Amino acid sequence: MSKYSVILGNLGNTCDRFLSTGYKDELPKETLIRQASEIDGVEGIELVGTWDVSKDNVDAVGEMLDKYNLRCVSIIPDHFSQKRWGRGCLAAKDPDIRKQGLDYTMECVEMARSLGCTNLNIWPGQDGYDYTLQSHLIEERGWMAETIRKAAEAAPDIKFALEYKPMEPRNFSFMARASDTLLMAKEIGLDNVGVCIDTGHAFIAGENVSESIVILQEYGKNKLFHMHFNDNYDNWDDDMIVGSVHFPRYVEMLFWLKETGYNGWYSMDQYPYREDAQGALRESVMFLQMIESKLTNEVMDQIRNIVRKGDAVASQRWLRETFFK
Amino acid sequence: MSKYSVILGNLGNTCDRFLSTGYKDELPKETLIRQASEIDGVEGIELVGTWDVSKDNVDAVGEMLDKYNLRCVSIIPDHFSQKRWGRGCLAAKDPDIRKQGLDYTMECVEMARSLGCTNLNIWPGQDGYDYTLQSHLIEERGWMAETIRKAAEAAPDIKFALEYKPMEPRNFSFMARASDTLLMAKEIGLDNVGVCIDTGHAFIAGENVSESIVILQEYGKNKLFHMHFNDNYDNWDDDMIVGSVHFPRYVEMLFWLKETGYNGWYSMDQYPYREDAQGALRESVMFLQMIESKLTNEVMDQIRNIVRKGDAVASQRWLRETFFK
Amino acid sequence: MSKYSVILGNLGNTCDRFLSTGYKDELPKETLIRQASEIDGVEGIELVGTWDVSKDNVDAVGEMLDKYNLRCVSIIPDHFSQKRWGRGCLAAKDPDIRKQGLDYTMECVEMARSLGCTNLNIWPGQDGYDYTLQSHLIEERGWMAETIRKAAEAAPDIKFALEYKPMEPRNFSFMARASDTLLMAKEIGLDNVGVCIDTGHAFIAGENVSESIVILQEYGKNKLFHMHFNDNYDNWDDDMIVGSVHFPRYVEMLFWLKETGYNGWYSMDQYPYREDAQGALRESVMFLQMIESKLTNEVMDQIRNIVRKGDAVASQRWLRETFFK
Amino acid sequence: MSKYSVILGNLGNTCDRFLSTGYKDELPKETLIRQASEIDGVEGIELVGTWDVSKDNVDAVGEMLDKYNLRCVSIIPDHFSQKRWGRGCLAAKDPDIRKQGLDYTMECVEMARSLGCTNLNIWPGQDGYDYTLQSHLIEERGWMAETIRKAAEAAPDIKFALEYKPMEPRNFSFMARASDTLLMAKEIGLDNVGVCIDTGHAFIAGENVSESIVILQEYGKNKLFHMHFNDNYDNWDDDMIVGSVHFPRYVEMLFWLKETGYNGWYSMDQYPYREDAQGALRESVMFLQMIESKLTNEVMDQIRNIVRKGDAVASQRWLRETFFK
C-alpha cells in the first residue's frame, strides 16, 4: 500500500461565499489531528498556512503530530486567504506584494524544517486574472516564475510542488494545467521544483489524469512530486469523496502512478461542507485502498496488456469482472 | 429484470464528420438483427427510419425480427439524416417542409402498425438553431408542437416519446431538456405524447437523470415513455458503454425507475465507432443487469432509507460495500 | 428605456470560500445606497435579507431609500446564508426547518409591505443535494412546492419570483432551469408565483436566455417576473460585468424581452470581488442601455425580419454594422 | 493588416455523423478557389489532403491557385478521414500504420514543395483514445513524437505546425492543449516543429487564447507557427463565424499576436454546415479586420497600459467606447 495522508483543514469548518462563517462549528486543532490519526492507513498530514500552522504555533502543532504519530507531509503556504493577496501574490503587479509573498513563503520553509517536513505545496490561488485585458501576461507569468525560483534556490533542501488549477478563486489561473505548470517548472530549472496533481483540478481542466501523470513523469523526468485526491462533476472543484462520481479513471490513475514510479503520498483534499469530515476522508481512503489492493503484480501485468490492446469492450468487461461483485 | 432492447443501427457502420464513409464495413441487415438477438437478455429492437426501415422493406424487416424472436420496440423516424430537413423538419420555417415532416411521420406510424409496434421515438435533431438571432423562437416552437400534435391526434394507438437533447446536430435544440420537453408535451395535451430520456443527452444537459425521471413521472403523471442508455464525459454525446465513465448515478437511476413505476424498455443507444458493436452493447446490458440484480425488495428498502437520511458518507459506504468486491 | 435596478449587496464586501472575510472593507449601508443612486439610470434597489435588511432595520433602510430617491424593487429572503439552512430550507428534510423557512419568508413579506415593495425574489440556494442517493427526490421537491405555496397563498399581494440556478452552493439545485422552475410554478398554481431569470445562471444551465424568456412568457402566460443581469464564462456563476464575455446574446435577449411584453425591472446582480463595485454596476447598465437605445421600432422590425429569415451570415453582418464602429 | 487566408474545404460541402452526404451540394474545386479569391483581403489558401489535394491533382490545383492569384499557405495532411487511420495514425499501435502515416506525410511534403508552400499543418485527429485504459500512454505518446520527428528531420525546409484539439474525433487527443503540444514540440527538438492555435480548439480546452499565444511565444521562443480562427460556445468545436458568440477575447488575442511578434497567417477555419460559406468566411475576415484596423500604435500603447493596470471596470469601459457605436 502507498502512503496516505489528509489535509488537516478538511476536518474543520468549511465555508462558501454565501455562508462565510461556515456550515459547521470550529473544533480544537488537537481534535482535528486526533480525528486524522483515527483513519486507518493515514500516516501523514498536510498543514495549510494561517489556517493550520504559523510561526507562533508551529512547535505546538509539531508536538501534537508527534503525540498522534503523524508525519507532516507538506506545508501549503497561505497564498490565497489573506486580503493582501487579493490581486495576486507571487505574480502580483505590485513588487512589494511579491516581496511579501516571497518572505512569507520562506517563513513556511522555516516551519517545514522545524517540523521535519521536506515539501512545500504551492497553490497560488490568487495569481491569475478574471477579465479579458486584465493581465500583462508576459510580465506577470515571468514574475511568478521568478518568485518561485528565488524561494526554491534559497531552500534547496525543500521540494516545491506546484499545484495547478484552471480557475477559482480567479477565473483564470497562471498555473492552470499539468503541462503549463511543467513548462513553468522547467523554465525555473531547479531540481527541487515539480508539480502536484489535484485530481479534481485536473478533471475540470478536461485532463485524463493518467495522461497528466505520464506527461509529468516522462517529459519532466519524475516531476510529479505530490498527489491530491478527490472527486467532482468535472466542471467545478466540488472536492467530494473519491469514487462518488467516477470509477474507472481511478483504476487507471493508480496503475500509472505505480507504473511511472511515483513514490510520494496519496493525500486526500476534500471540502466536506456538510458531511462528517472524518467519515468523508475515511471513505476516500478506503475507496482508493480497495482499488490499490487489487493491483497485484499479476493484475499490473493484465493492465499492461489491456492498454496495449486498446480494446474498450475487453477493458470494460475486465473492470466489471475484476471490481464488481 | 426489466425488458432490454437495442437500437439496430448501433450494430452497423458508424461515421463522423471527418470520416463520412464510416469506421467499419456495412453488414447485411439480417446480420445486425442476428447479432442483437445473440445478446443475452435483449428482447427488443428499435429501428431508425431510412437507415433501418422504410415503407419498401418493412415487411422483410418484420420477418427477420420474427425469425430471431425480437420485438420492434419503437421506430425512430428519420427526422435528421435527410438533406431536406437541413434547416429544420417538424419546426421548419418552410411550411412545405413541415408538411413533408408530418407526412413522413405518418408513414412511420404505418410501419409501426405493420410491425405490431406501438411506439414512435421522436428525435427531431434538425429542429433548433445554431446562431443568435436565427430563430423566431415563438413561431418555430409553436410549429413544432403543432406538427407533433397533428401526428399524435391522427394516431391515438401510437405512443409518441419525445427524445430531448441539448445540442447536436444543431447548437441549440428546441427539445433540449426533460422539463422543456415535458412542457411541450403538456402543451400538446394528448395522452399519447410523452418523453424519452437518453441518459447521455441528460448528462450533457447537466441533469441528474434520477431527478428528470421524477419530474416526468410526477409533474407529468407518468410521462416517461422510454429510456435510452449510454455513458459519456458529460460534455458531449459520446454514446459510450454504460458504466465506462460513471457508476453511482446508474444505481440511483435504476432505483427511481422502479420506484416511480416505469415499466417501459431499457434500450441501449450507443455509437461504438471503432468497437466491436455487439460486445459494446452486451457490456452495457450486463452492467445494468449487474446493478438491477442487486435491487431486491430488501435493497429497495435500504435505498429508500438512504435517500431519506441524506448522509453522503453512509451512502458512499453502502455503495462500496454493496457493489465492489 | 426600461427600469434599471441593482442588488445592494453588490456594492459591499464580497468573499469566497478561501477569503471568508472578503476582499474589501465593509462600508456603511447608507454609503452603498448613495452609490447605487449615483449610477445614471438606476431607480431601484433589491435588498437581501440578513445582509441588507431585517425586521430591526427595515424602517431605517426605507428612510435611506427615500432619501436617495430609490424604490425597493424586491426583497431576496436570506434562504442561503444561515447555518440552520445548511441542509436545506424550503425543502429541508426536517419539518421544523421548513416551518422556520416559511416563517422567515413571511417576515420578509412584512418587510416588503412596509417598504411598499410588491416582489419577493426567492432563491433557495441551499435546497438541493450534493451527492448521488442523497435526496428523496419526490418528497423533497414536493415540500419545496408546498412551502412556497403556503407563503404565496398567505400573501396574494406579493409576487414571488422563483430564481433558478443549476448549482452552487449545492451541486444540484431543485430549481435548476427555467423549465423545471416553470413546471413547479404551474404545479403551485397561483397567479402570484412566477420565475426570475438570472442571465448567468441560465448560461451555466446551457440555456439560450432568449428561449427561456419565450418559454416562460408563452408556456407560462407571462410567468417571467424578474430579470437579473450579469455575464460569465458559461461554466460557473462568475457574476461579471455585462458584456465582458458575450455580446450578441444580449441583443437577442433585449429584443425578446420587449417582444414578449416583459415590463419588469432590469436588475444588475454581480459579485465584483476585487473591482470598484459602483463602476462595475455602472458599466453593466451602460452596456445594456447602449443596446437598448438601438432597439427603435424600426430596428425591432429589422430583427423580426432577421429571426424569420434565419440567415446567420446576414444577421452577423447586421450585428457588426449596427453596433460596431 | 495581417495576411488573411481560408481553408478551402470550408467553402465546400460539410457533413456530420447524422447526414453523412452533407448539407450542401458538391461544387467544382475551381469554384471554391474562385470564391475564396473573391473575399476581400484573402490572399492565401490552406489545402486539406485527400479532400482538396493529392499527388494526382496537385499541379492542376497549383494552376488554379495561380489563376486566382492565391498562395498556398499550408497543406493539412489527411491524418483523419481515412479508414486506415481509424485507430490512430502517427501514434497508431500498429507500426505498419505509423509507417504509412509517415510515408503519407512525406507525400504531403512533396505536394507542398511543388506548390511553393513551406508549411504543413499537422492535425492528427485520430491519434488519441476514447475509453479509460485504452492507451499505453507512454508508448503511444512516444510514437507520436517519433513519427513527427522523422518527418520534420527529413524535410528541414518545411515548417510543421502541430494543431492541438482536446477531443473529436477521439474523446481524448494526444495533442490536446497549447502546453502539451509545446512540450511535445520541445521534446522533438527541431527548429521546424512548432504549434498551430485554432481559437475554437483552445476555447474548448478552457484556455485564454491570449495566454496560449504568450506561452508558445515565450516558453517556446516563437513556436507559434500558425493561427486558425473561428468561434464557438466553448464546449464543442462548432466552427462558427468569428464574433458570433464572443467579442472582447478577440481584441486581446489580436493585441498579443502583434505584441509577441507573430507574423504568420490569420487563417479562417470554419464549418458553415448550412450557411453560405463564402459569406460566413467573409464575415469572419471583416470582423477581425474591424478589430485589427483599430490597433494603431496609439491604441497598442493604450492596451499596454490597460493590461498593466488590470482595472476591469476601466478596460470594459475602454472596450465599449472604442468599439461600439
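The first chain written gets the first letter, and so on, giving A, B, C and D; residue counts start at 1 in each chain.
We take it that contacts are C-beta pairs under 8 Å (C-beta built on N, C-alpha and C of every residue); 3 or more make two chains touch, one makes a residue touch a chain.
Note that the coordinates shown come from a computational prediction; the quantities given were computed from them, not determined experimentally.
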Message: Just to be sure I understand the contacts, which chains border both subunit D and subunit C?
response: A, B
Task: Please flag the chain sitting at the greatest distance from subunit C, going by CA centroids.
output: D
Query: Rounded to the nearest whole Å, what is the centre-to-centre distance of subunit A and subunit B, using the mean of the C-alpha atoms as each centre?
result: 40
Field: Chain centre separation in whole Å, for subunit C relative to subunit A (CA means)
entry: 36
- request: Check each residue of subunit A and list the ones that touch at least two other chains.
  value: 87, 130-132, 167, 233, 235, 241, 244-245, 248-249, 274, 311-312, 316, 319
Query: For subunit A, which residues count as touching subunit C in their complex?
result: 14-23, 80-83, 86-87, 125, 130-132, 167-169, 171, 233, 235-236, 238, 240-241, 244-245, 271, 273-274
- request: Would you tell me which residues of subunit C are touching subunit D in their complex?
  value: 233-235, 241, 243-249, 275-276, 279-280, 282-283, 286-287, 290, 311-314, 316-317, 319-320, 322-325
Field: Interfacial residue positions of subunit D with respect to subunit A in the complex
entry: 87, 93, 129-139, 141-142, 166-167, 172, 176-177, 179-180, 182-184, 187, 204-208, 210-211, 214-215, 218-219, 248-249, 251-252, 255-256, 259-260, 303-304, 306-308, 310-312, 315-316, 318-319
